[in-house]
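Next come two complexes built around chain A: one with chain B, the other with chain C.
Right, the complex of A and B next:
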C-alpha cells in the first residue's frame, strides 16, 4: 500500500487495547485501510470482531484512561491520535461525524429534535439562533422528512425509528463533514426502512461530497452501498477488496463462510449454514491464524504461523496462507 | 434544495403548541390548579402582610392572653396576647423565604457536585462522596447547630447551615441519576458530534435529571420548614419576637392543653403549604417531562 495523496483518511497499524480487571484485552490488532474522497468502505464482521472499536477510535471516543491506542490515523495529513480532547471536539461533528445503531436511544429524549440539530450547528459555527434554525429546517427537509417546520419542535419519542435515523443523519451532516462513520445504521430498523435509509445516505453522499465508513454485518447492505469492503475477524482485517469481486470470488475462508451463511429466500427446509465454533476470546493469544480453529481449509502452517495481510491482486488483499480462489 | 422558511409562522405555531400543552397537562388537572392558586394566595398574603394584618404581630398585650376565636382576633391570641392571625401572615414571610433559600442553597451546591462526581467518577467522585458521607454521618440538625454555633445565632445563618446540611442528599440523588444517564447512547452520540463534556453535563444530562430533582426539592421544602422550626425552638434560628410558623408550632406546644389555637393555626399553615407544594410540583413534572404529557 503506497501513500496516496488523494486519500481522505488512512488508518495505519491501528491497535486498540483495553485495560480490564482480567488483564489487557486486544480489541483491534494492526488494522490498515484507507478511504478516498467520495468513497464508501464497508467494514464487515461478526459481533465482537472489533468493527465498532475501530470506528470509535477514529473519533477517539474511548475513555482515555483505560484504552491504549497505537498506530496512526491520518486524516487529511494530520494524525488524529496526536490531538487532544479539545482539538478532537472541533473535528467531531464538524469534519468527521458518526451515526449509531439504535436511533431510538441516540437522541436526547427530553430535548426537541430540531434544537438538537441547531445545537450542533451552533456548536461548530458562529451563527445566530435564527440562522441555525433555518439551516436545521432545511436539513430536516433534505433528509426526507415532510413538514419540517412542525417536526422541529417535536420530541424524539414522537417519531418512528426510521424517522429518528433520518434526524440522526441530519445531525451528523449538519456541519458538512467530509467523512461519515455509520455504525450499523440500519440494524435496528425494519427491512423496508433500511432500504430507504441506505438510499438516502447514498444520495446525501453525492450532495455533500463525503466519504463513508459503514459498519455492518449485513452483506446485503455492503453490496448496495459500498465501493470497497474490508472483512474483520477477531480484531484483524482478513480481506480487503472491491465490492463486486468479494461476492463472486471470496479469497478468505471466513469471507466465504459469511457469504454462505446468508439465508436464501424460498429454501424452507434447508438448514441454515453457519461457521462452526466461536470467535476467539480477546484475552487469549492464538499462535497461528486466528481463524484456524474454525477453518475447514486449514493446513499445518495455519496453526503455527500467523498470516499477514498481503496484496494478491489489484486492490485485493488477504490474510490467509491458502486463499480459496487464486486470481 | 432550497425551501422557503417562514420562521415567524413556525414560532407562532410553537407558541400555540406550548399553550395547548400547558392546558392539557397542567390546567386540566384540577388538583394542581387548586394547589397553584392556594400557593399564589399564600405568597400574596405573605407579601402584603403589613397591609392585611389587623394587628401588629409583635404587640404584647398580656391582659388579652390566650383568647379564643373572635371577631377581633380571627385565630385568637397566644400567651403574650399577640394576634395569631397577624403572626401567621408575618410568619409566612420568614417561613417561606427560609425554606426557599434552604432549597436554593442546597441545590445550587448539590446539583453541580452530583453531576460532576457522577460524570467523571474516579478521584473527584470519591472526594465528593466521602465529604457527603461525613456530613450524613451526623444528624442533620446537630451539624446545623454546629455551623450556627460557629458563625453566630441568627436566622440567616440557620438557613445557610440547613442549606449546607441538605447538600449531600441532592448531590447523591443527582449523582445516581447521572451514573445511569451518562452510559446512555445519546451521551456518546453527543460526544461523537463534538459536544464538550461541559455541555453534555450541564445541558444533556441535567435536563434528564429534572424529575427526580423536582421531587427532592418538594420534599426538602417540607423538611426545611420543620427543621427551621426545630432550630428556632432551640433558639438558634428565628429570634423572638419575630413570627415564624415553625417557631409558633413549638411555642404553642407548651400550652396545647389550655389553648390549641397557636399550634393549630401554624400547623395547618405548614400542612397546607407543603401539600400545595407537592401537588404543584407533580403538575410541573408532568408538564416538563415530554414523555409523560399527552398531546
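Right, the complex of A and C next:
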C-alpha cells in the first residue's frame, strides 16, 4: 500500500502482546491496513485470530498494565499509540466509536438507555442536559426505534437484542464520529435482525459520512457492506483485497477454505466442508507459515520460511508462497 | 410492590409467632424458680412465694402463660421485670436511643470507609495498595469485637489517653467522644467484610462488557468507576450489609458490656445473668422484630436500585 493522504486511518506494523501467567502471548503480529473516508473494511477470520484485539487496539481499550502495543496507528496524521489516556478519552466515542458483539451485555443494566446516549453527548460536546436529551431522542428515532420519547426512560432489560444493538449504534453515532469500529455487530442477533442492522449501518454510514471497520467471520456480511476485505489468521494478515475479487478469486488457501465452508443451498447430500485442524495456540511458535499445519497446498518452503505479505496486484496483497490463482 | 410488602409483612408476623414460642420456651426451660428470683434471694415463707406465683400466673399451664404474655405483647405490653418491677416496654424504650446511636455510628463508619477502600483495592488490584488493604481486612475480620474493643481501650484510652474508655458522657459533644471507640470497635469487623465484598464485586463488574462500552464512549475513569461500576456493585454490597444487621445486634451486646454503655445489649446481659426472664423475652423479641423489618426495607431498596428487580 502506498502512503495516501486521503486515508482516514492507517495501521502500520501493529503488534499486540499480552502478559499472562503463562508468559507473553502474541495476539497480533505486524498488521498493516488503511481505510479511506466513507469506506468500509471487513476484517475476517475465525475466533481467536486477533480481529477484536486489533480493533480494540485502535481505541486502546486493553488494560495498559498487561498489554504491549507496538507499531503505529495513525488517525488523521496523529499516532494514537502516542496519546495518553486523557487524550484518548477525547477521541473515544467522539471521533472513533465502537459497537460490540453482544448488545445484551453491552449496555449498563441499571442506567436508563436514554441517559447512556445523553451522557456521551454531554461529555464530548459540553452541552446542557436538555439539549443532549433532545439530540438523543432524535438519534433514537434515526436508528429506527419508534416512540423515542418513552423509550428514552426505559432500561436495557426491557428491550430485545436487535433493539439494544440499535441503541448501541445510537450511542456510537451520538457525537458524529468519522470512524466506526463494529466488532461482530450482528453475531449475537437473529438472521432477520442481522439484515436490518446491516441495512441500518449502511444507511447511517451515508447519512453521517463515516468509515467503518467491521469485524466478522460471516462472509455474507462482507459481501453485503464491505468495500475491502482483510483476512486474518493466527494474529497475522494473510490476504487483503477488494471485496469482489476475493469471492471470485481467493489467493490464500485459508481464504479459499473460508469460502468453501459456506454451505450452498440445494446441495443436499453433501457434507459441510470445513478447514481441517485448529488454529495454532497463541503460545506456540510455528516455524514457517502459520497456516502450514492445516494447508492442503503446502510445499517444503512453507514449513521453513514464513511468507510475508506482498503485493500481487492493484490493492491485492497475499502472504503465501503458493497463492492459488495467479493474477 | 404493595402486594409484595403486604405478603412480606404477613410472613414477618408468622415468623415472629414461631420466634415468640421459641423465646418463651427457652426462658421457661432455664433453671431457677422465678418466684425465688423475684424475692431477690431473700428468705421467704412458702405462703409468700405461693402468692407471688399466683400473681404472675406461674402455676398456670405453659400454654396459658404464653397466651397471657402474647396478649400483652400485642397490646405493646412486654410484661414486668421480675427484678426492677418496671415495665419491660419502658425499659427498652429508655435504653434504645443509645443502642441506635451506637449502631448508626458504626454503620456510618463502615460505609464511609469500606466502600471507598473496596473500590480503591479493586481499581488498584494486585498492587501494594490492594495487598495492604486486603491484609488489614483479614486481620480485622479475624479479631472478635470484644478483643478489638479491649485493644482499642488499651491503645487510645490507657496509653495515649485520647479517648475515654467507659461511659457515655454528659453533653452531646462529650457523648460523641465517648461513643467513638465503641462504634469503631463495632465497625472494624464490618468495615473489613464490606471492603472485601466491595472489592470483589467491583473487580467482577469492572470486567464486564458494559464497562468496556462506557470506556469506549470516552467516559473518564471516575465516571466509569462510580457511575457505571459502583451502581452495579452496590447490589451485593447491600445484601451483605443487611445480613450484618444481625451481626451488628450481637456486636452491640458485646461492645456495650466492654465499654460500659447502658443500651439494649447490657440490658439483655444483665437480665440473663439475674434470670429476669420477662426482660430477656421482651428484648430478644424486640430485636428479632427490628431485624426482620430492616431486611424488608433492604428488599425494597433492591427494587429501587436495580430496575431489573420488580415485585
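Convention: the second predicted complex is superposed on the first by the 327 of 327 C-alpha atoms of A that agree within 3 Å, B and C clash if a C-alpha of one lies under 4 Å from a C-alpha of the other, contacts with A are read in each partner's own complex, and residues count from 1 in each chain.
One rule holds in what follows: contacts are C-beta pairs under 8 Å (C-beta built on N, C-alpha and C of every residue); 3 or more make two chains touch, one makes a residue touch a chain.
Please read these numbers as outputs of a predicted model, since none were measured by experiment.
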| item | value |
| --- | --- |
| Fit or clash between chain C and chain B when superposed on chain A | clash |
| First, second, both or neither for A:52, with chain B first and chain C second | neither |
| Which of chain B and chain C A:255 touches, first, second, both or neither | neither |
| Which superposed partner A:138 touches (first chain B, second chain C, both, neither) | first |
| Partner chain in contact with A:186 - chain B first, chain C second, else both or neither | neither |
| Partner chain in contact with A:216 - chain B first, chain C second, else both or neither | neither |
| Touched partner set for A:292, first chain B, second chain C, both or neither | neither |
| Partner chain in contact with A:150 - chain B first, chain C second, else both or neither | first |
| Partner touching more residues of chain A, whether chain B or chain C | B |
| Location of chain B clashes with chain C - one stretch out of 7-15, 43-51 or 223-231 | 223-231 |
| Touching both chain C and chain B, counted on chain A across the two superposed complexes | 59, 61, 88-94, 97-98, 100, 102, 105-111, 119-120, 123-124, 155, 157, 168, 171 |
| Residues of chain A that touch chain B when the two form their complex | 59, 61, 65, 88-94, 97-98, 100, 102, 105-111, 119-120, 123-124, 130, 133-134, 137-138, 141-142, 148-150, 152-153, 155, 157, 168, 171-172, 174 |
| Chain A - residues contacting chain C, complex | 59, 61, 85, 88-94, 97-98, 100, 102, 105-111, 119-120, 123-124, 155, 157, 168, 171 |
| In the complex, chain B residues that touch chain A | 1-3, 5-7, 9-10, 13-14, 17, 122, 184-186, 188-196, 199, 203-204, 207-208, 210, 289-291 |
| Chain A-touching residues of chain C, taken from the complex the two chains share | 208-210, 212-221, 223, 227-228, 231-232, 305-308 |
